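In what follows, chain A forms one complex with chain B and a second complex with chain C.
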Partner chain A sequence: MSLTVNGLQVYYRTLKGEVKALDGVSFSVRDGEILGLAGESGCGKTTLGKSLIRMDGRMRHAGGTVELDGERLPIADDARMNPYRFHKVSLIPQYSMSAMNPTRKIGKMVGELLRSRGVKLDRADLEARLAQVELPREVLDRYPIELSGGMKQRMVMVISTLLNPSLLVADEITSALDVSTQKAVARALAGFRDTGFVKSMIFITHDISLTYQIADSIMIMYAGKLAEKAPARTIVTAPRHPYTRMLIDSLPEVGVRYGDKKLSGIPGSPPSLLDPPTGCRFRDRCPLAFDKCAEEPPALEVEPDHFVACWKA
Partner chain B sequence: MLRLDGVTKVYKVGAFGGKTMTAVDRVSFDVGIGEVVSLIGESGSGKSTIGRMILGLVPSTAGSITFDGVAVKPGKAYYRNVQGVFQDPFSSYNPVFKADRVFQMIRQEYFPGVADWDERVEAALAAVRLSPGQVLHKFPHQLSGGQLQRLLIARALLLDIKLLVADEITSMLDASTRIDVLNLLADLKSRGLGVLYITHDLSLGNYLAERTVVLRRGAVVEMGLTDLVFGGPLHPYTRQLLSAVPRLHAAWEDADPVDTCLYHDKGGSGGLLEAEPGHFVACAALPGCRGAAVSPASPSG
Partner chain C sequence: MRQYFGRKLLVYGLTFFVAVTINWMIPRFMPGDPVASMLARARVSQPEAVEAMRLYYTNLFGFDQPVWKQYLNFWAALLQGDFGISVWVFPTPVSTVIMGAVPYTLGLMIPAVLLSYFVGNRLGAFAARRKVLDNTVLPVGYVLTAMPYMWLAVILAWGLGVVAGLFPVAGGYSFAMRPNWSPQFVGDLLLHWFLPFSSLFLVALGGWAIGMRNMIIYELESDYSNYLAALGAPQRLIRRYAFRNAILPQITGLALQLGVLVAGALVTEIVFSYPGLGSLILKAIQNQDLFLLQGTFLFIVLGVLIANFVIDVVYVVVDPRTRTGMAGASA
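Presenting the complex of A and B:
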């Protein structure tokens, strides 16, 4: 196993109390695996990604462990995490495209970044990586503003993986792109895994159809908890959690017309995580809810590699 | 009802406005009563510019836009018939005021004397499937994106409009609420509302619209009945877009190699050919097409 997360709890400190954004999540990612992470906004996807790499000042590690390649990550200790960042774990954050320093040429920025990590720039290696994502080496002489959205996104991918981290977390990196650019970026990501630039990957997106294209397995989160995790094909063709089923049923596809097949959304909205409900957190939106759901359902392995947290699964 | 004829928009760009940029190039199509037409294209293809010209927010450079046969003239009378809703619902609200202020504003402007205002508001809310208790007297931050978007549609309905220009209205919403907004538009259409549904998401446009217009770099490359355009796309660009759409039960395919095309410089509405009844294309693998190759949208997009 490349990554093993056990009972992870991460809360945000706010004036009104603690937001239980990640409340006891366990899963693992194998070597060479791309795990797609999906769920409605606010379910804790970004929080999970940040927890593995860099917690911000308002986040508190309230419990659970993270192990990478057999080594326990000191996720709550910002300074002790430093040697792991870029070398072992790397994050491409949401909106990273606009976060590139606009006043530095890209090549210079890459050099500075590597130096700050105590690594010497290997020009040939860098160019090989640029070629892999079909960027001309001239991009190094340009400013971030001169690159299109798709080019910037691929540049950020190259930078985040220069040191061949074991785990890469990519948070909604294709969401702002047009379909053809989205396809190119997603495929380049899968290519990074194939070439061994990264060993395994967590690909965060709210778009299940997109994650299905490159992920080996998909994890669906709901309100800070794991709802279901299974091989990608199983999630799409044989989901067992009511939430997963409803999510999939709400997706229009090319070829599906309102007149022929009326799709439906999920009534209601996710609960506040400041004071989350007891029992199954999906209970007030779930058409199958029954008495037992007042107790929290454990995530059980219903068949090999297929985990579901639902009393009806 | 709404008709665009050879509509063109040229922006002046550069420090001194010395250069020009053709954002919309001789676009012609129409939207009928109770009809949803989707306008599809990648970012920068000119979709919003077309929407803004229809709403009279920017002037066109050439061509004509008419509503019920009359040239569009922005003003109170026109906005009783035509309204727009845009991508980011939050930007349409002032965070320091309650969200339902958007209703009071049109009351002052259009209905100063009406007695049954509250009933009208309730009816409009019911039409967008919101209950007054859920949304009235709340601040924008207390409502979800889907609720805010539906409030804006309700506001448009209060005016009893005939045409709604919906520009990427679902792109900020989760899948679970997005489909409700789409279904809502479909229901409104059966009450006679015409909708121009602007999106870069082909599957959303496909779900809703009986007719589809595909835009590339400001010009229409293909348009017609949605079933024909998406079922048998003729233009290499449409085919390439369709092949890039991620699907749930199928792996990405690679588009057919883009070979020949009549589009090269004949483009624009003047160059549209009627390939079959109800299906128009600016270029095609049609007999006699020997045009220059279209380069596939580069992955550097």
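Presenting the complex of A and C:
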């Protein structure tokens, strides 16, 4: 087991009270596994990604543990977490377009960053990695503004994985890209795993169809909790949780003309996490809800590697 | 690159032309007659003599010609480096009078602008990262920057000059001394220089410190700072990058502020009777000295334009993005 997350709770401090963005999530990621993390906005997927590497000032670690390669990560302690960052856990951020200092040449910035982490820049290795994502080595002598969006994205991917981290968190990295670039980026990420630049990866997205292409398993979150986690194929072909089912049903299918048949969505919106309802959080929108849903369903392993948090599963 | 500077130079040339034209117009539209005031100063009582003198002066300054011709003559003379003759200290050439005052103004302006800029930026950057410093620097900065130059000058002159008696309150050097390079004279010069310098320095300092503090806080929240922090880069590196990026708007700010700074320096000079261009302008207005006035203005315009051009060049050096734009490359 590369990563084991156990009952992780992360709350946001706000003026109105604590927003329970992540309320007891448990899962694990194996070595060499790519976990796709999907769900609608506000379900806690970015919060989970941030908690694993760097919590911002408003976040509070309220409970639960994170273990990476058998070591417990001090995620609540910014200073003690620092040695793990970049070396063990790394991040490809949502904002790759503006992630590099605009007034430094990229090569110089990478050198300064590595030196500050006590690593010497291996120029040949860096160039080999650039070649793998089809970037010319000249990009190192350019400023970020001289690169296209897709190039910047790939450059950030190379920088983030330079120290061969054990876990890579890729947070919504394809949202700002066009479809053809999305596919190239997804393939490059899988390539990183195959060449061993990263051991395992959490790929956060709201695009299930893209996740399905590269992820080994997919985890669906809803309102700060795990809804379902299973191998990618199972999630798409045989989902058990009503939320997953409705989510998959709301995707357009190839070969179907939607002029006659209306694409179904999920009526309603997620509950407020400031004061979440008791019991199953999907209850109000769920067509299958019954009395027992007033009790919170545990995430049970219904088949090997298939976890579902639903009484009807 | 060449195209960029070519365009810049053209704009500066145009600005210079317009500014010089306005400089020429302003004194001429001022109420009062410089020749009449010279005649009054001469205290000649015979009407024929007065008439002869009037003719002589009018002809000397070219006032007998039509206005458009005066304007053309002015440009012709200007291009030959001839600013005309001063009315106030007749018959000294205006250029000589101005050259006597320029060292004082530059000696005041350059250190005040540069020092306040560097110290203010450093101070602001420091304030952005320490709560205690932030809570003190910020209010003090606001008070300083909101203060009119001459008001702070008056307060300093009164407090440190009149009450404490530490510094002289008027003049560029003691009236009992003659300018030379002896240590006593240089010391005396510095003593007279200190108060006008301080008032210019302090007012400008507040503005730079506040601007830099806000910029640094903004930069530390930016994406590249967050990314570096997520990769565990030390605060030292992140702050260095933030400072480098935060200084860019401050450079633009310096270019924008130059005119205000010059105006502030002129008023401050008047408060301290400092023998620079500011005092010269006051004398020129009081004595209806058109030529001295337009010469001084011209000099100031030239100075501000040159300083702005230097800042343009500096900006190109420090911000790679302007260079990309120049080459016509798309981002």
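In this section, the second predicted complex is superposed on the first by the 309 of 313 C-alpha atoms of A that agree within 3 Å, B and C clash if a C-alpha of one lies under 4 Å from a C-alpha of the other, contacts with A are read in each partner's own complex, and residues count from 1 in each chain.
Simple rule for what comes next: a contact is a pair of C-beta atoms (placed from the backbone, for glycine too) under 8 Å apart; a residue touches a chain by one contact, two chains touch by 3 or more.
Model, not experiment: these values are computed from the prediction.
J.: When the two structures are laid over each other on chain A, do chain B and chain C clash or fit?
T.: The answer is fit.
J.: Once chain A of both complexes is superposed, is A:Q213 in touch with chain B (first), chain C (second), both, or neither?
T.: first
J.: Quick one: name whichever of chain B and chain C touches more residues of chain A.
T.: After superposition, B is the partner touching more of chain A.
J.: With the C-alpha centre of chain A at the apex, what angle separates the C-alpha centres of chain B and chain C, reported to the nearest 10°?
T.: Once the two structures are overlaid, it is 70 degrees.
J.: For A:S90, using the defined touch cut-off, is the partner it touches chain B, chain C, both, or neither? Pick first, second, both or neither.
T.: After superposition on chain A, A:S90 lies in contact with chain C alone.
J.: Return first, second, both or neither, reflecting whether A:D291 touches chain B, chain C, both chains, or no partner chain.
T.: Neither partner.
J.: For A:E112, select first, second, both or neither according to whether it touches chain B, chain C, the two together, or no partner.
T.: second
J.: Is A:D178 touching the first partner chain B, the second partner chain C, both, or neither of them?
T.: Touch status of A:D178: first partner only.
J.: Could you tell me how near the closest CA atoms of chain B and chain C get once both structures are overlaid on the shared chain, in Å?
T.: When the complexes share the chain A frame, the smallest chain B-chain C C-alpha distance is 6 Å.
J.: Could you pull out which chain C residues touch chain A in their complex?
T.: 222-224, 226-234, 236-237, 241, 244-245, 248, 318-321, 324, 329, 331
J.: Can you name the residues of chain B that touch chain A in the complex?
T.: Against chain A, chain B makes touches at 42-43, 144, 174-180, 182-183, 186, 200-204, 206-208, 226-227, 230, 240-242, 244-249, 251-252, 296-297, 299-301.
J.: Residue numbers of chain A touching chain C in their complex, please.
T.: 53-54, 82-87, 90-91, 93, 95, 98-105, 112-113, 116-117, 143, 145-146, 156, 159-160
J.: Would you mind writing out the residues of chain A in touch with chain B in their complex?
T.: 40-41, 134-135, 148-151, 177-184, 186-187, 206-210, 212-213, 236-237, 246-248, 250-258, 262-266, 269
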